[in-house]
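The letters A, B, C and D name the chains in turn, as written, and every chain counts its residues from 1.
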């Protein structure tokens, strides 16, 4: 029973949502799902937050490595709950939107989360470079193609690409590297993306059917006590 | 306040960047701050939006809300080991709904429309526009058709990649590799602008070294 | 001072790269931290010591430039600022460059925007970047801003037949009837050239579909880099040329300075932004080369052993 | 030909023919609604403007009865140039009540869709041409009630094709269930999974599993988790350490469920601990910062990156590569694939991510579903070839039969 009911729920809800697309009176059911999901996610958040606190308090108690930083995390988390749930410093008071400009909560976002976010994001510039150094090597035929494509596009994005091929007359401007770069983006890239997208969506169809039909039931975990 | 904020931002920025050299206490501190503050941020935002906003503010408006709430409470049953298995119900609900929702959505937006757009004449810039394409476009059109076809052959599972089929699949890989290489190269510029933004902040707003 | 900085940093970067290349000939791998350092230098140096590289305009950019260059003096051009602050860093530089070019050639300009937030950016561009170089140009005679009107693609759809219907007055409430520029201009069909700067909707695409195609008015577009590949299918019949992202702006600025040395001292945000970009791209390409040299050296050694 | 291949072939050819037949039938019934546009050019100034005419209200087809479409001919004075019409205003009488203005439209407008009607109510509409300070109202419409349709026929082709592909998936699952052997080729990245787990065991270092940064309502996360189900069985058998940091609480719950049951199946429930799956934060880069830290500190031997990834893909993969871990990645987000290809040892490209769990399970039923997917691909390839050739020949030499074939294909596959 413990397994049958969830399998039935999956089957029932899945089938219903598939057909709802074709039945106008049911057309809003998809939205309802999003609503349910949001609510379930908030409840689940209590589990997540509880876990976060438990893990860091555990580290603290056992004096595990770096336990000091756990204190920082716990303080940060608690502080955000404090200023956010009580809407400290919110110009509109408790009734206003929690992210109203000027509230402590939003200031924390602007001055702490925001720089952290954008710096973490900016690390990509470095990793793009180290990945190109290592990955774009002519190890075999596929890697060579990858390398050439990347190199042509990179060249096309700098004045160098134009300088190298500036001697090509305008009537043959296609062969100038920046134009070739654009052409590759419009033809090869489009074709590859299209094949990938078609493949993905067929994969989703089969995957979804396996889930709905109960062929795939890993997500339910084991048979017993659970 | 403004000045103080810039110092904080610079402290955090440099802390994260220091990770590139190696893991260190400064990075660990920034990481701990980041995790604690951002987890709290999202918790609060979700609380006000999804719990307070939906239940207190729009009280009783939509009976569907309570179905959601019941599913949410079932989720919390995990905390009681004896009846923890009930939490599988909302999970099963989400999985079923996701599967059903995605199946048809992906099918219509990706399979149908992508296949539909492969129906393209070789010698024209568009459907129904007569023979008007330049050599540039014609080669492009043929490349798109061949690339899509061979790419699909590559993904085909039911046949070993041998003989003519294998050769076609090879061409497919060739197209995929060009795709990946090209998009990698094309993205470099946008990744660099993120870094330019941060360096601009450090040298400009923080150190005041940029005169403009 | 700046020049010394430029020279020193270039020597550092390229000297370092040569040294690493030399090492790679001996099969020496590069530590990733060295790569990080080079990327940082490549981005930081041009920011600290403004560094520009001459861009040779690609055909798609040059066609727009040539169009403006070759229109007879006194032609009327419409420039539409269809972007918001988020897109501005990429698109505003090219809008400024083309505006200057038009004024320099003695064309009359009608400025407008399809985006509510574009109007503020437009007046910022006018007062801070475009007009200061042309003290002799007169509002309403040489240029006019008719601002923003709600209606999205409906706006181009209407002004293709009648500009006044959508824009009875300019931004300062001067009736269009009394503005000299509009003496011979009733609809978009009377214009000699239209350029739309943007990347979202409504934007360049709407101008092509609602004005360029039905009205036969030449259209040029300036778009954000990610949108650029989507504009190429419209070349060359529906669109004369395309400026894509910061690179497009830099190419235009370069061409402008080359043809009109008078602009040598103007602010060139496109070229400036391309400084770090170009250096970083070159550094990445250098590392790809170095990586391959290391790889082939290693393989040869394996074979020997 | 082997019987299976024959099956696929038959399914494809029969279904393609069915689609084309049905489509041609349906096309012949479709009638285009003529758009009326009677703008006339008059060069005189009229102070009083004519009201809009020919206002017609029709029920919006294939909805739940909440929409009514209006169409009219704009005021003949709504002209380019000197017109004084500044816009139109829509009035609505609900169940015989007073007329209420429900919308203002710009000049030249000739249609409107009221998306706020209720089933069982009767409405009467009128449209007014607006000038500066005056309104000129059209004749009202007949009273109309929105209708509810039970089946959305505009999506009939979507339904049909989905039915064929979905049917093929189910058909092959059923065939496999009956014990027929089905061939599925090897998938490179998946052959490496066992080795990767084994490596971590040998080295005595943990395995890191990252299920992407999306929640359970993304099918890629579900794919990642089902693969986790297979991997964690091997892990439990080998008694290797696994660690799974997540950025969503629901994924944490599901991940625990899955790993726990694997340990139970392996007969080592005591080895399982909830600490194997930890929630970090919902914030994208906060999560990345923490996972990067975990990587350099715990030095896992093997890293799985399977799920929905965004910009963080390369940050994670490069850090993983730096610490020398074997990395197996997979995502269905095309924009991130190049980065995984560059930085990981094996990458499951798009579709392969979804195929992976079926493939790893080794169950015939699951493998059968992959066959069904191939039917979809085969249809796509057939349409691509037929479509490209027909439209090329059709446009180049203007052959009517080719053009109508193309029209049929375009109609079937248009989703709007």
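Just so we're on the same page, contacts are C-beta pairs under 8 Å (C-beta built on N, C-alpha and C of every residue); 3 or more make two chains touch, one makes a residue touch a chain.
Everything quoted here is computed from the prediction, not taken from an experiment.
Trainee: With centres defined from CA atoms, tell me which chain sits nearest the overall protein centre.
Mentor: Central chain: B.
Trainee: Looking at C-alpha means, what's the farthest chain from chain D?
Mentor: Centre of mass proxy via C-alpha means gives C as farthest from chain D.
Trainee: Which two chains meet at the most C-beta pairs?
Mentor: Per-pair contact counts point to A-B as the maximum.
Trainee: Compute the distance, rounded to whole Å, between the mean C-alpha positions of chain B and chain C.
Mentor: Computed value for the inter-centroid distance: 28 Å.
Trainee: Between chain A and chain D, what distance separates the C-alpha centroids? Give it in angstrom.
Mentor: From the centre of chain A to the centre of chain D is 16 Å.
Trainee: Give, as an integer number of Å, the spacing between the C-alpha centres of chain B and chain A.
Mentor: Those two chain centres are 4 Å apart.
Trainee: Taking the mean of the CA coordinates per chain, how far is chain C from chain D in Å?
Mentor: 35
Trainee: Would you please write down the residue numbers of chain C that are in contact with two or more other chains?
Mentor: Where chain C meets two or more other chains at a single residue, that happens at 32, 36, 39-40, 43, 233, 247, 277, 280-281, 284.
Trainee: Among the residues of chain D, pick out those that touch two or more other chains and give their numbers.
Mentor: 155, 158, 162, 165-166, 216-217, 219, 222, 250, 253-254, 257, 280-281, 283, 285-286, 289, 334, 337, 339, 341-342, 349-352, 355, 370, 373, 376-377, 380, in rising order.
Trainee: List, in ascending order, every residue of chain B touching at least 2 other chains.
Mentor: In chain B, 16, 19-20, 28, 30-31, 34-35, 37-39, 41-42, 75, 78, 88, 91, 94-95, 97-99, 101-104, 106-107, 109, 111, 115, 118, 145, 148-149, 152, 155, 176, 179-181, 183-184, 187-189, 192, 195 touch at least two other chains.
Trainee: Taking touching chains as linked, do they make an open path (line), a single closed cycle (ring), a hub with spokes (star), an all-linked set (complete), or other?
Mentor: complete
Trainee: Give every residue of chain C touching chain B within the complex, in rising order.
Mentor: It is residues 33, 36, 39-40, 43-44, 47-48, 89, 225-226, 233, 245-247, 273, 276-277, 280-281, 284 of chain C that touch chain B.
Trainee: Please name which positions on chain A make contact with chain D in the complex.
Mentor: On the chain A side, the touching residues are 21-25, 27-28, 34, 37, 40-41, 44-49, 51-52, 55, 113, 116-117, 120-121, 123-124, 127-128, 130-132, 134-136, 146, 193, 196-200, 202-211, 213, 215-216, 218-224, 226.
Trainee: Going by the contact rule set out above, which residues of chain D touch chain C in the complex?
Mentor: 80-81, 83, 106-108, 322
Trainee: So in the complex, which bits of chain A are touching chain C?
Mentor: 125-126, 128-130, 132-134, 136-139, 147, 150-151, 154-155, 157-160, 162-163, 166, 170, 173, 176, 178-179, 182, 185-186, 189
Trainee: What residues on chain C touch chain A, complex-wise?
Mentor: Residues of chain C touching chain A: 30, 32, 35-36, 38-40, 43, 53-60, 228-229, 232-233, 247, 250, 274, 277-278, 280-285, 287-288, 290-292, 295-296.
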